[in-house]
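Next up, some structures in C-alpha cells.
Next come two complexes, and both contain chain A; in the first it sits with chain B, in the second with chain C.
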Partner chain A sequence: MSNNLLYKQPKSWALGILLLALCLFPQVFSGYQTSLLAKFLVFGIFALSLDLIWGYSGIVNFGHAIFFGAGAYAMGIALKYLPFAGATYLAVIFAILVPMIIAILLGYFLFYGRVGGVFFGVVTLALTGVVQSIIIVSSDLTGGMNGLFDFPPPKLGIPGILEFDLYSPTVAYYTVLVSAIGCYLLAKYIVNSDFGRVIQAIREDEDRVEFLGYNVPFMKVVIFAIACGMAGFSGALYVPLGFISPDLLSIERSAVVLVWVAVGGRGTLVGAFVGTLVVSYLQTFLSDQFVVLWLLFIGMLAILVILIWPSGIVGFARTHPFKSLILFKRS
Partner chain B sequence: MEAIVIQTLNGVSLASILVLTSLGLAVIFGMLGVVNLAHGELFMLGAYAVATMNMFGLSPWWGLLVAPIVVGAIGMLMERTIIRWLYHRPLDTLLATWGVSIVLRQVVRLIYGTGHMSSTSLMVGSTTVFGYEYPIYRLFLIGITVVIVLVTFLLYFKTNFGLKIRLVISNRSMARALGINTSKTDMWAFGIASALGGLAGAIMSPLVTIDPEMGLTFLAKGFIVVIVGGIGSLYGVIAGGVVIGGGEAAISFLLRPVVAQIIIVLLAIVIIRVRPKGITGG
Partner chain C sequence: MDGLDLNVAKGETRCIIGPNGTGKTTLFNLITGRIKPDSGEINIGGRNVVSRRIYEIARLGVSRKFQSPTIFGDLSVEDNLIIAAMGRRRLNDLIFSRRHGADSRIEEILEKLEFGELRNQRSGDLSHGQRQWLEIGMVLLNDPDLILLDEPTAGMTLAETARTADLIRQVLQGKTTLVIEHDIAFVRRLEAPVTVLFRGKVMREGSFEEIAEDEQVRRIYLGENP
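Take a look at the complex of A and B:
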C-alpha cells in the first residue's frame, strides 16, 4: 500500500489536459459514447467507495453492490412517490441516506461484534442473496423481478425556471463528471485527514490502535457508512443511465467491482477510476459475443492480479522506471 | 403430533445438510486460516460428478465414489498453484478463492451448458418413523452425516495424521522444527476438506436442482453455520448446523421459505453481535 507522502502529486499540466479532454468529450464523440463513459465514471465512483474501505481500512466487502443497488432503488422509489418539482434533490439525499443507514446497522452488529477481516466479507456475501430476496419479495414497492421503471424522469436545475433532463446524455455526463471529481476530492480529503490516518492505522494493526485509546468499532462504522453512502450516490447517478432491477445487486456486480479496484490498485483512490475504465472498456469489446468467457476472464484476472501484481496498475506505475511517462512521479 | 415428528425430522435433516456442507470449510479455516470462497463450487462439482455418471448410464453410487476423489484432487491442485502463496495474506486469499469460484463456475458452464442437470435418486420410497411416513433418502442423509462426522473426528483425534494436523494448528514453527513437512500437511488437509465438500454435493444432488449457480447458496449458508457455531472448531460446526437448520425448519413451517431464509441470516447477524465467538466459543 502506498503512502501518499512519498509521492509527488500528478503534474499540474498533465492534470489540466486530462480535465480538458474529459470536458470536451461530449463535443467530440457521439451520444452513445458519451453515455457509455458517463456510465463507467459512475462505476468509477462506486469503485472509489470500495477502495475507501478495502484499500484504506482493510474492510473487504463482498456485497458492495447491495449499497449501489439500495441507492438506485431509493432514488427510483423517491422519484415515484414525490412527484413535485425539485424532487430529484430529495431523491438523491434519500439515495445516500438509505445505504448509510443500512451500513450503520450492519456495522453496529458486525464491527461491535468484532467480526472483522475475512469474516466480514463472508457475511456481506451472504447478505447479498438476502437483500436480493427482499427486493423480489416486496414487489409492490420495488417492482420485483421486473424492475422499477414507472417513475418521472429526474431533473436538475432550478425547478420551474431552468430545468435539465438527466436522461440527455450530455447533461448526465457533465453531472457524473462533476460528481466524480467531487467524490474523488472528498475521498482524498478523508484519507489525508487525521481520521483517515487512524483508519489506515486500523488496517495495519487494529489492536495497537485500540490500545492507543481509539474506539476502533466506531471508526470502522463511520468509514463504512461514508463509503456506503458514496456507493448509494453512485447508484442514484446510475438511474438515468441504466435500468433499476434486482440485477444491480447481483453477486457478479459485487465481484466485478472488487476486480476493478484490484486491477487499478488498492489504496490509491485514482486507481479505482483507472481500473474501472480499463476493465469496463475491455468488457464492451469482449463481452457482447462471449458472456461466459468474459466472466471466466474476470475470475482469472482476479487470481492473477492477486498472485503476481497485487499493487495494481497505479501502484505499478508509481514504483517503476517508466514512471516519468505516466502522470505519477516518485520524488 | 404428526406435524411435530415430521418437522423435527425435517429440522434434523436440514441440520445434517448444513453440517455436511460446512465441515470442509471449518477444516480449511481451522487448519490453514483460509476462508475458501470456492467451497460452494467444490460442492457443485460433487453434484455434477453424480449427474455425469447418470448421463453415462452408470449408477449414481459411482458418483458418490468419484466425487470426493476428483474434487479432492482439484482442491489439492488449487492449494499447490494458488492458495499456498497467500497464507500470509488472508484478505487476498478471499479474493483469489473468489476468482477460483468464478472460474470453476464458468468452466462448468462451458462444458455442461447453462441448463439444469438432474440425477436419479440413490434410493426412493419412504418408510415409517414413529408411525409416520418419511422419505427414506432423508433418513439416509441423516445417517451418512453422522458417519462422516464420526470419521472426521476419528481422523482428527485418533490418527497419526490428525495428530500432525493438530500440532501444525497449535504451533506451526514448532511442528516444522520437529520435522513435520507442514507444506505437505497443508496440501492434504486442503485436499481432504475439498473432498468433504465434493462428497456433500454428491449426497445432496438428488434433492436439489443441479446448475452452475447452486454452490453460492450453500456457500453462504455454510459460512453462517461456521460463524454462528464458533470459528474453526469441529464442535462449532455441529452446534451451528443444529441452530441454523433447526431454526430454518421451524420458521419455514410458519412462514414462506424465502422469508425464513431472510430471517435466518438476519438472526445470525444478531447472534454474532451477542456471542462474537460463536455458540461454542467462550
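Take a look at the complex of A and C:
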C-alpha cells in the first residue's frame, strides 16, 4: 500500500523528506554547520532573484550584488537609527524598499531608454563601482571601508514580549529556511502567472510582445523591481550571518551569483538553490584543502558545467536519464 | 509611400497586392507605429496615432501578423494564445491570472485551429504552417478591430495555403482585415476585394476578377506582356 503511494507521488515524498531533513538539520549538526547552511540558503535566495530577471526575463545584470548590498546596508542603518523593540520588521521592509527604489529608477531610465541586452549589463557593472564608492565615502552613515557594525542585534518574535535574537544560529537558520521557501513559492507563483508568461515572451522577442499591446519597458521595470526587492531581502537576512562591508557590493559577488545560477540551471528557480549550494560547499571544502588554488578549481568547474550542461545541473537532470531525480521535474 | 488613400469598410476583408518594394509592408509599419510618417496623419477610431507608441496603437485595436511567423518558440501553444488574449489587460489581471472569459475564447480558437492535441507542445516545435496558423489565432485572440496579415501563406505548401484561406475566411469573418499577399491563387480563394498598390499609390481597386482583367495591372504585376 505504502509502496503504491510512493510510486504514485514520488515527488511529494522526496519533497517531504527533504523538508524534514532541512528542519532537523540544526538538531543534528553543529552551530557552525547550521550557520553555514543558513548563509548558503541566503545566497540561494539572492541567486533566485537573479534567475527571475536573467533566466526568465533575459535581463543581463552584472551588478546584482548592488541590490544585495543595498539590502544589507539598509537593514544595518535602519537597525542603528531605530533603537526600539520591533525595529527589525521595519528594517526588513526598508531593506526591501531601498533596492526596489534603486531598481525602479535604474529600470525607468534604461528600459524606457531602450537600453537592453549586454549594454544594460555594462551599465549595471559600472553602477557597482559608483555605489561602492558612495558607500565608502559616506562613512558617517555606512562605516566606510571599516564596514557597519555598531547596531543593535536584529530580533524577531513579539516586540518587547517574546523576542528571538537572530544572532542565534538556530533562530537565524529557521528564519532563513522559512524565507527561502517563501521566496521560492513567490517566484514560482510569478513565473507561472500570466505576468510570468509575458515576461518569458519578452525574453524571446520583446518587439512582438509590444505589438500585442504590452508596455514592455513597464513590464521589465516591474519584474526588475520585484527581483531586486528579493535580492535586498536576502541582503537583510545576511546581516545576522555575516559582516556588512563594501565587499558585499563587489564585482566578485555579482560574478559569483551569475556562476551559481548558470551552474544550477538558468530559468529553473530550483536551480538557483542547487547551484548555490553545490558551488558554495565545494568552495568551502576546496578552500580548506587548497589555500591558493581553490579559486582555479571553482572557475574550472563553472566553465565545465556551462560547456557540458548549458542548461545547468537542473536543466540536465530534467532532460536526461537523471529524470529519476524527481525533485527537479518541472511541475 | 506618397498620398496613399485607402478606404476599407468595417468588417471587410481587403487584399493588398503589388510588386515588391511597392510599400505594402511599409503601409503596415505606418499603421502599427513601427515607422513614423514624414507628414500627414494616421487616424484610428478617430484618433491621430502618429505620436503614439506601438503598444498604445495595439491597445486601440490593431493587431498584426508578421511575414515570417513570429511566435514565442520556447513557450507552449497555449501560453502563446494566453499572452495574445491578455494583451490589453491591466498588470494586476496578469499577476493574478484573471482571464475574464479569455479562457473560453482560447478554447474556441484551439478548436478552430484543430490544435487541441498540440496545446501543451512547445510552439517552436510546430511545423511552419502550424506556426503561421498559431499566429493567426494569436492575432484574433488579441481582440482587434483592425487585423493586418502580412503574407500569411509565405513558405506554405499548396495544401497549407488552401487551408489558410479557408481559415481566414472562417475565423476572420466580420473583422476588418487587410491581407498582403503575393500568391494569386490564395487571393482568388479568399474571395475578397483587391487593392493594387504601385509605387506607394493605389493603382486599382475591385473584385479579383476585375483586377485580373485589368490591362495595366497585368502589365506591372501579373507579368504579362502588353
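Throughout what follows, the second predicted complex is superposed on the first by the 294 of 331 C-alpha atoms of A that agree within 3 Å, B and C clash if a C-alpha of one lies under 4 Å from a C-alpha of the other, contacts with A are read in each partner's own complex, and residues count from 1 in each chain.
In the analysis below, a contact is a pair of C-beta atoms (placed from the backbone, for glycine too) under 8 Å apart; a residue touches a chain by one contact, two chains touch by 3 or more.
All of these numbers come straight from a predicted model, not from anything done at the bench.
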item	value
Touching partner for A:E204 - first (chain B), second (chain C), both, neither	second
Partner chain in contact with A:G31 - chain B first, chain C second, else both or neither	neither
Touching partner for A:I303 - first (chain B), second (chain C), both, neither	first
Which of chain B and chain C A:L106 touches, first, second, both or neither	first
Contacts of A:S193 with chain B and chain C, given as first, second, both or neither	second
Which superposed partner A:L212 touches (first chain B, second chain C, both, neither)	second
Which of chain B and chain C A:V222 touches, first, second, both or neither	second
Chain C-touching residues of chain A, taken from the complex the two chains share	190, 193-195, 197-198, 200-201, 203-205, 208-216, 218-219, 222
Complex interface listing, chain A residues touching chain B	58, 60, 62, 106, 108-110, 112-115, 117-119, 121-123, 125-127, 129-130, 133-134, 136-137, 251, 255, 258, 262, 292-293, 295-296, 298-303, 306-307, 310
Partner chain A, residues of chain B touching it in the complex	35, 37, 82, 85-86, 89-96, 98-103, 105-107, 109-110, 114, 216-217, 219-221, 223-224, 227, 231, 258-259, 261-262, 265-266, 268-270, 272-274, 276
Chain A partner contacts - residues on chain C that touch it in the complex	32, 53-55, 58-59, 63-64, 66, 70-75, 79-80, 82-84, 86-89, 91, 93-97, 99, 138, 142
